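The next part holds the structures, each set out as structure tokens.
Two complexes follow with chain A in common, the first pairing it with chain B and the second with chain C.
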Partner chain A sequence: MREKTLIAFCTVAAILLAYNLYVMLLVLPDEVSQGPIFRIIFFHVPSAWTAFLGFLAAAVASVLYLVRKDLRYDAFAVAVTEVGLAFAAVTLVTGMIWARIIWGIWWTWDPRLTSMLVCWLLYAGYLMLRHAVEEPTQRARIAAVFSIFASVDVPIVFFSIRWWRTQHPQPVVWGGGSMDPAYWNTLFLNWIPLLLLGAAMAGIRLRQERRQRELEALRRMAHAL
Partner chain B sequence: MDERNFLYMFYGFLAAWLILAVYVVALAGRERRLQREMENLRRMIEEKQKEAS
Partner chain C sequence: MKAAGTQAETAPRTTARAQPGFLGGAVAIAAKDLRSELRTKEALNASLAFSVVILLLFSFAFDPTAEETRALAGGLLWLVFAFAGALILNRSFARELPNDCLDALIAAPISAPALYLGKAVANWLLLMAVELVSLVVFGIFYNAPWTRRFWPLVGVIALGTWALTVVGTLFSALTVNLRLRELMLPLLVYPVLIPALLAAVQLSGPLALGEPLASDMMVWLRLLAGVDLIFTALALTLAETALVG
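On to the complex of A and B.
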């Protein structure tokens, strides 16, 4: 990703975020039953969507790596996974803070929460696994298989609130839950800057992955001399 | 209750940005390390090539 594109993404994201924060805090009224804490949804849900998108993109890139054996797909997979993991952490932590007020507890072993935690742990394991394997092609192959395996948990997290009885609120997208259109607009409008930020972070991480490969090539050259 | 509710909303926003900020700092740190290692290796290779010639 070019430097100018990265700067453009971050600038648009910053402007949108500033506007969204203004709407969230000063324009939208408090939700009737939950009060101000409801506003956490504007970061909690878009962060989850961004994380899932990253994990699914990693799975597609991993399949492409196994088919084509091109290390660029492996680099893309690790970049989007790492960014996805950061957004998944935002989802988990903001959810816990919301739960502390609404449920009176930080955590419960509910299917949605548990499957999300498992998802986070799986992808953290993916990154740790990559550190454990030295040889680049072997690392890429093992990581690709692991990423495809881990991606099975993404639909489980998404559909857990439909498949099992859970304490988590019902889905507001294609589900039993509903939300005022003004909240909806802000929710979607806040997803755009988070997506742009995620794309910029993944672009930087991808560039670093390329540099890392250059570095490994230089190291081999230095040893050969 | 309302004050606590508002405070926790603030904590939620803060936590979201803090996590992303920590990740950005980690990215920047990795960028600096890669740059430094790259420069060191290039310098080392140049010196070795000079010695060899």
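On to the complex of A and C.
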């Protein structure tokens, strides 16, 4: 991603976020049963969507790497996984803050919380695995195989733990939960800056990955001399 | 693998034996692994001793005779199995590292999925043996009438152990050349296995105490079988990539 695109993404994200914060804090009224804390949903839910989008992109990039053996796909996979992991952490932390106020506890072993934590651990394992391998092509191959396994596992984790027990408020999308249309608009409108921010972060990470490769190539050349 | 295979096919046969097919190759690898393990008993002894130690440790963590502890039976058993499994799975490919045996295996005229399947079957049999011995110890230590539902329990354990070995063997192949190999394998395997372990724990709990399965438990059996199928298919597809590159 070019420098200018990155700056443009970040600027648009900043403007949108400022506008959304104004709407969230000053325009929208408190929710009847939850009070002011409900506003955390505007970051909690879009962060989760962004995280899953990142993991999905990582799975696609990993398959593409195994098919084409091009290290650029590997760099893309690690960039979006790291960004996805960051957004998954945002989801977990905002959820915990909300739970502390509404449920009175930081953590409960509810299916969605547990699944998200498992998901986070899976991809944290992916990053740790990458750290343990030195050689770039070997690292890319091993990481791609693990990433594919993890992406197949995520839906199974979600369904199995959902059968196990449930306490989380019904998900607002495809889950039977209901929300006022005004809240809906803000929720979607807040997803856009988070997506832009995620894309910019992935772009920066991608550039860093490319420079790392260039650096390694130069180092090898220096060794050869 | 393909290059090695075609080369061997075009080369003049030096022995009277025919080329092994997919299953033949897998059986040969499994037999080799079992034979070498039964002769050295390296992983088997360590794994058995480890499970007994963990079963002992649990008796300090909970009051072993209390009713609540009996409700934990399924979870307790599968924690023991998962820990014991990591020991066996770690050795599975690490055993081939000295004298470059792994390179020789990869160059052998059998396909990578057959090699992988053979290793997985050998690990599964070894782990099943360790688990059956642990069950006996568990029954004695915790006074559990696990033999009352013997065959359903063994069936559930067989399915759960297959999930553990099918994922573990593939990851064992992936991590064999890493530093911190012994640490990385459980770190990667356990989170992936959570759905399978969850189902196995739900099913083993009542069975280990000699109680029948409730009818709503069938969903866990289906989940366990489904996970087994999905992971087996995925692992066989990725075996070539994991082993050869």
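FYI, the second predicted complex is superposed on the first by the 213 of 225 C-alpha atoms of A that agree within 3 Å, B and C clash if a C-alpha of one lies under 4 Å from a C-alpha of the other, contacts with A are read in each partner's own complex, and residues count from 1 in each chain.
Going forward, a residue touches a chain if its C-beta (ideal position, glycine included) is under 8 Å from a C-beta of that chain, and two chains touch if they have at least 3 such contacts.
If you're wondering where the values come from, they're calculated on a predicted model, not measured in any experiment.
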First (chain B), second (chain C), both or neither touched by A:W98: first
First, second, both or neither for A:Q138, with chain B first and chain C second: second
Partner chain(s) touched by A:L215 [first = chain B, second = chain C, both, neither]: first
Touched partner set for A:R130, first chain B, second chain C, both or neither: neither
Contact breadth on chain A, by residue count: chain C or chain B: B
Partner chain in contact with A:R112 - chain B first, chain C second, else both or neither: neither
First (chain B), second (chain C), both or neither touched by A:F146: second
Footprint overlap on chain A, comparing chain B with chain C: none
Complex contact set, residues of chain B against chain A: 1-2, 4-6, 8-9, 11-13, 15-16, 19-20, 23-24, 27, 30-31, 34, 37-38, 41-42, 44-45, 48-49, 52
Footprint of chain A on chain C - complex, ascending: 167, 170-171, 174-175, 177-180, 184, 187-188, 191-192, 194-195, 198-199, 202, 219-220, 223, 226-227, 230, 234, 238, 241-242, 245
Residue numbers on chain A that touch chain B, as the complex places them: 34-37, 39-40, 43-44, 47, 82-83, 86-87, 89-90, 93-94, 97-98, 100-101, 197, 201, 204-205, 208, 211-212, 214-215, 218-219, 221-222, 225
Chain A - residues contacting chain C, complex: 66, 118, 121-122, 125, 128-129, 132-133, 137-138, 141-142, 144-146, 148-150, 152-153, 156-157, 159-161, 163-164
